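Below you'll find the structure I mean.
In this document, chain identifiers A, B, C and D correspond to the written order of the chains, with residue numbering beginning at 1 in each.
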Amino acid sequence: MPASPEDSAQRHRISDTSVSLGERLHASRELSLTLARPLTDEDQTVQAMDDASPTKWHLAHTTWFYEAFVLRNHMPGYQPFSDRFEYCFNSYYETQGPRHPRAHRGLLTRPSAEEVRRYRSHVDEALMGLMSDEGSLAPEVKELIELGINHEQQHQELLLTDILSLFAAQPLRPAYQPLTLVTEANSLASETRWISFEGGIKEVGHDGQSFSYDNELPRHDELIRPFKLAHRCVSNSEWLEFIEDGGYVNPLLWLADGWGAVKSNGWQAPGYWEETADGWRQMTLHGLVPLNPAAPVSHVSYYEADAFARWAGKRLPSEFEWEHAAQTTDAANNPANTLGSGTLRPCPASADAPVDRVQQMMGDVWEWTGSAYLPYPGYRPPPGAVGEYNGKFMCSQHVLRGASCVTPDGHSRITYRNFFYPHQRWQFMGLRLAEDA
Amino acid sequence: MPASPEDSAQRHRISDTSVSLGERLHASRELSLTLARPLTDEDQTVQAMDDASPTKWHLAHTTWFYEAFVLRNHMPGYQPFSDRFEYCFNSYYETQGPRHPRAHRGLLTRPSAEEVRRYRSHVDEALMGLMSDEGSLAPEVKELIELGINHEQQHQELLLTDILSLFAAQPLRPAYQPLTLVTEANSLASETRWISFEGGIKEVGHDGQSFSYDNELPRHDELIRPFKLAHRCVSNSEWLEFIEDGGYVNPLLWLADGWGAVKSNGWQAPGYWEETADGWRQMTLHGLVPLNPAAPVSHVSYYEADAFARWAGKRLPSEFEWEHAAQTTDAANNPANTLGSGTLRPCPASADAPVDRVQQMMGDVWEWTGSAYLPYPGYRPPPGAVGEYNGKFMCSQHVLRGASCVTPDGHSRITYRNFFYPHQRWQFMGLRLAEDA
Amino acid sequence: MPASPEDSAQRHRISDTSVSLGERLHASRELSLTLARPLTDEDQTVQAMDDASPTKWHLAHTTWFYEAFVLRNHMPGYQPFSDRFEYCFNSYYETQGPRHPRAHRGLLTRPSAEEVRRYRSHVDEALMGLMSDEGSLAPEVKELIELGINHEQQHQELLLTDILSLFAAQPLRPAYQPLTLVTEANSLASETRWISFEGGIKEVGHDGQSFSYDNELPRHDELIRPFKLAHRCVSNSEWLEFIEDGGYVNPLLWLADGWGAVKSNGWQAPGYWEETADGWRQMTLHGLVPLNPAAPVSHVSYYEADAFARWAGKRLPSEFEWEHAAQTTDAANNPANTLGSGTLRPCPASADAPVDRVQQMMGDVWEWTGSAYLPYPGYRPPPGAVGEYNGKFMCSQHVLRGASCVTPDGHSRITYRNFFYPHQRWQFMGLRLAEDA
Amino acid sequence: MPASPEDSAQRHRISDTSVSLGERLHASRELSLTLARPLTDEDQTVQAMDDASPTKWHLAHTTWFYEAFVLRNHMPGYQPFSDRFEYCFNSYYETQGPRHPRAHRGLLTRPSAEEVRRYRSHVDEALMGLMSDEGSLAPEVKELIELGINHEQQHQELLLTDILSLFAAQPLRPAYQPLTLVTEANSLASETRWISFEGGIKEVGHDGQSFSYDNELPRHDELIRPFKLAHRCVSNSEWLEFIEDGGYVNPLLWLADGWGAVKSNGWQAPGYWEETADGWRQMTLHGLVPLNPAAPVSHVSYYEADAFARWAGKRLPSEFEWEHAAQTTDAANNPANTLGSGTLRPCPASADAPVDRVQQMMGDVWEWTGSAYLPYPGYRPPPGAVGEYNGKFMCSQHVLRGASCVTPDGHSRITYRNFFYPHQRWQFMGLRLAEDA
């Protein structure tokens, strides 16, 4: 999105923990508006499927979060913008009362996008007032604001993936951001190198010294067996081999539920792939473009990732193998492309990286792991309404690790646990192979 | 809608057949834009249910109609606005190729409402060029333009009923047009008078001397038995009696399919009625307002109309009884409120009308008849694509007669056959009782 | 079914009105058991689709009818067989209290088929007791018994069509009754002759002098225009021409709802047709047999019948045209094959019938008419529970006239109005073409 | 089921590994017939829901298993009973070709139950021939027979739970096996005692020395933290407290998907509970009986088990905690009631067991664990068709441990991994609480 150096610099500062909470809050609030700017008010109103939300709803819901949890409780004299928005923009907080059904978010032509922007201004002004004396803020308020920033960052990523789903459903296949420069090599990805890791009892999970979500806690021991991890993600050209080898027509490669999903959805390729007379095209935030063979495959469900791994004679890593490898190789300081890069789609792994290191861990695509999304030993959701955040989804989903090309800078951590149902694929989801050592 | 005398005068001229075809075309094209004006571009983009279409789609589809059937075939050198719109804005013409699914019309954020307005200008300009030498136009072209005007009038009514369905689905319950003056008496409707008609062989159907739809043809004989017709439509207060008498909980009053619809939809009152602590409210194009007991009941399905008639010990009239009564009493020159009146909801019957006449025949609400929507004897659909117009819906629907409070002036005829499925109720649909003489 | 002359003789007597009511009751009760005899208890328990009922349920429901309406009210001291059966075997009589859901009739493994047979014996014994002094029975009781006989005859036909739907859903494609003799010529049907009828005001409907259903009443005038009727039903070979000419792939031939049904059901041929390497086969009550080109087409929906007529440049007759033609040509005494013939599928029209007469009116297949199923002028349902019989289905269905190859002898009348939804085709349903004179 | 001492003795021998494979095969084949004996052929034909299969299908499918995997491949000259049964009775083996849809198993009235019994005899005779020289059998054949026995045991349990679902759907609520003796105390369960276990690296999984399923392999290390386990399962009376405390109306106790299931299914109590004027009743294989407060709760989904644990301030054990506790306390030799006991429902825990031991581990109810059903480290499905057995279900399900009151004797192991979707509850499923030490 950001084309100018200023934007890029600004965003970089978001992840810079030396800046103040207030500055980070401000930058985070601005980023949402920046992301919405290429969209018409009409684009911001519609949802293409129940899983996705309209841009306008993301903009309002992230604002409601501050109003409901910070301003109403911790800012004396705060005047809510509207009593009706509680109902419209609560996502799923049962403690906060009844709410508009998720599948009907796309019906909300009122309030208008313009009014939602005024809502944001109203709340932002109050927040900036609150932050003006940051030093005297109670720690719990600071924590709520930190949570609010992270919450909004999640919705920034969703805003983009949801817009992609909307634009892909349009007969006109519009581009969210035109490609200014087509510099992509049309070559294949580098050959996969297998990086070895020793087993043993390893510490995983967040240490609680800085911000994390509750589901990354507590830090604890896990028993890991020796394993190898591919140095990069599976590429589009490798996925084409899978297709050409009958990957989508051979039930023996698939989980039973996965095969059911293939049949009922008519899957024959990853999401947003379109076969044309001129070869495969992929609908992206830059519009409908030729498939890049060297780039990581994206928009594959867990079922597809699992089937691919079986076809390849490998497996998916566990979330703890992934985290251990990321620790070891300092993945957090070795980013692949995320939102700040300005390229809103996965890119090929760099060819000139150290040969003994895993690459692309923290960007391009979220990586499906073989781990079910379950609580860590000793996990406790925080008390109060914000406790309805991660714990209540701990069933029937799988963990994805890393980050994607549309993850806001400053939002990724090697302990971060993203999670989706095994049939979902509208996020930037890919995979990296593993095997026993 | 129109508040100013100018608007009203202009609309009046549409139905004045002394004005030229070109002037009527122009006025009709303008009216659609006038109707869309109170709406934001967001409002114009969304559809609240599969049966309804977005305003923007109505604006574009009525324009596509001229492009597909008039300009492409009959205007040499015409440059279509966009090759992609054929796919987006065809409604159901199989002869015109594949088309965007009806249930996904609300996903079309692109083209934007602004671009649709440019599309209209482009087509209107071409049409005005074509009409500049009206005298030399081939009769078939004139007929297509006449059809286009009537087609657009139908969509003008749908535009308003579809917006009502959208606004009723909004938590904020917005008003399409604020009520400027609340002059409605809160009294009951006048007592029903029963007007008698003799039986015999009667001519019905359109005589073909001026414009009509194909389904009104040919004029033919029908055998009618002596009958009586209520002088006015069933009122809201009468419907309240039906509710209070257990109308919605007694299966013996209902057709079997009707009872199934009551249970599966949870119907307990007409559409858009809401029971509040302060009594019944009704969602209207003027917003959520108190129910007017004297006004005709509206937004009832055929199932409900039929159940009410059974409860009342009466029956619905046949479409031919209705038409015969309308002929006899000169209903066409005795209008109830239609779109030009500026009141976008049904109004109570006038108390000082002649006592021996039926009232409210041509406005307020479409009236369900007991007649299935079937072809007249000798009916033939016109050749070519425009023949895919009325004939292919002649199954499983019922005929409604008259007109409603949002029917454009000049669009109603006593031979007009409107038709909907027996479960549908989002139009302004009501009923008038009949009985054997 | 009946292979022996005795059976045939006996059945013939059912329609002989000279025999006593008690004898007819007895014969009717026996016939149901005869029809169930080729079936295992397992076959009698299952339903293949919601529209169909298990044989056992038919056997029990027709028995419950006598218990609920005759014995409980009119036989002092009658002991009901079981208090639980009221719930199990009521079909749709709201006045008779709650009932087992239609779609779950196939779950009733208890009571067993054996117990249902005991239930029948128990009720039959009581009925025979009641009939022992037939002369002293109140007229209303006699009418209820007459209604019971006709009600059971309807279920006898359904029993067979429902078994066909069950057997067609079995991988083993069993035969209900093996074909003993394959004498069917493999030739084409005779060329269609068009029989002309004059128009005018004609009396239709039942005269009420003997038994009829309420929906055949009252006898009344209808205005009929001059028309022609095909002398026989449309044949399988003609339907094959329709298929080969793209009948199922050309949307312009179809009603909009019909085309929707073609797409959503994947229809490519009439029901129970299967294309094999050896040509078309048809699943029948005699098992899977080669399609007979000369026989009337069967198992077509209203949508298909309507599309065929349009393709053929003809139309379906109205129900009054059909009835008038049947009156004129003494159709009731000119039967085609019905249940007593022992051939449980439609047969080719006889080649040596009078050339100026319509044939096959009262057997082989029910004939779709273009008439919606609506009440006759002045129709009143009878009072009480039995009034919930025909009237509550008067919406969204079409009338079929005549009778089929599995209609019990004595059950057909030229005023008989059968009715089904336009998508249904599991009955023996075909068509005869008409055109304006 | 078994009423006589002989039956009981015979069944006991099945689990006695000193008896020969042939004898165990024979006993296993007989047990299925014994279990079907109280059922009519009609009962054996119907399925009450897609998840359940008809008894007849279980009897045939377990027979087909031997035909497809043992006799066709390993018995020269074997004549299959019917070529059509491959299609009818394959469950889900894609390698074995197309098959009858699961949801339509209840339509198979043919082959009849009687023919299925002949099918069993045919195959049993061949199997006994094969086993007559047991010593010379190839090891792989012995393994397949061992697998066949275990496979049939699984279906014996399903046969009973599926019949319970069928009988519960019958208005007559029949009993599969009448209660001969009502000796159940109506007292409460003993107070819960918490048994402590130390943490550390523990070996879990099957050692491969005797029969196990592939999903129990390989034996491997797991890191376990110190924990406590309740000495018995949660009881009905405790569940009543949960209900009375608003367990089913408080969304905060539930996983998001669980709350969705509560709302969409209308759950207000465990499966088969019915509230009557005389208090709670439970539909069981012994018919509709009063709820026993002291017995383990059964027929609860994972969602319900999880919500209960949260309400109780505890959690579910992991499958490894459960297995470790079972090892430690010699659970396998400390059985609760299983099929051989003759009581086909869960029973209260014995009051006079050692106080420092867990009870009821191997019977009464399967116990939900917090563990997702995933492959063990190094898991490999066996090659060939039988490899399509457990691996392809390793997604979105949860592991249950132990055994139930209808698990065949000899079928349970402390390494056994049962698995179901979190919404399923027609099995005998309950729970035992755990907490961190």
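The rule we apply is simple: a residue touches a chain if its C-beta (ideal position, glycine included) is under 8 Å from a C-beta of that chain, and two chains touch if they have at least 3 such contacts.
Being a predicted model, the structure only gives us computed values, none of them experimental.
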Among the remaining chains, which ones contact both chain A and chain B?
none
With centres defined as the mean C-alpha position, give me the chain A-chain C separation in Å.
61
Please compute the C-alpha centroid of chain A, do the same for chain D, then give the distance between them in whole Å.
40
Chain C and chain D, separation of their C-alpha mean positions in angstrom:
47
Could you pull out the residues of chain C that touch at least 2 other chains?
none
Classify the inter-chain contact topology: is it line, ring, star, complete, or other?
ring
Within the complex, chain A is touched by chain B residues 40-46, 48, 84, 87-88, 100, 104, 106-113, 166, 169-172, 174
In the complex, chain D residues that touch chain A
92, 94-95, 201, 221-223, 225, 251-252, 254-259, 302-303, 306, 370-372, 374-375, 377-378, 388, 392-396, 422, 436
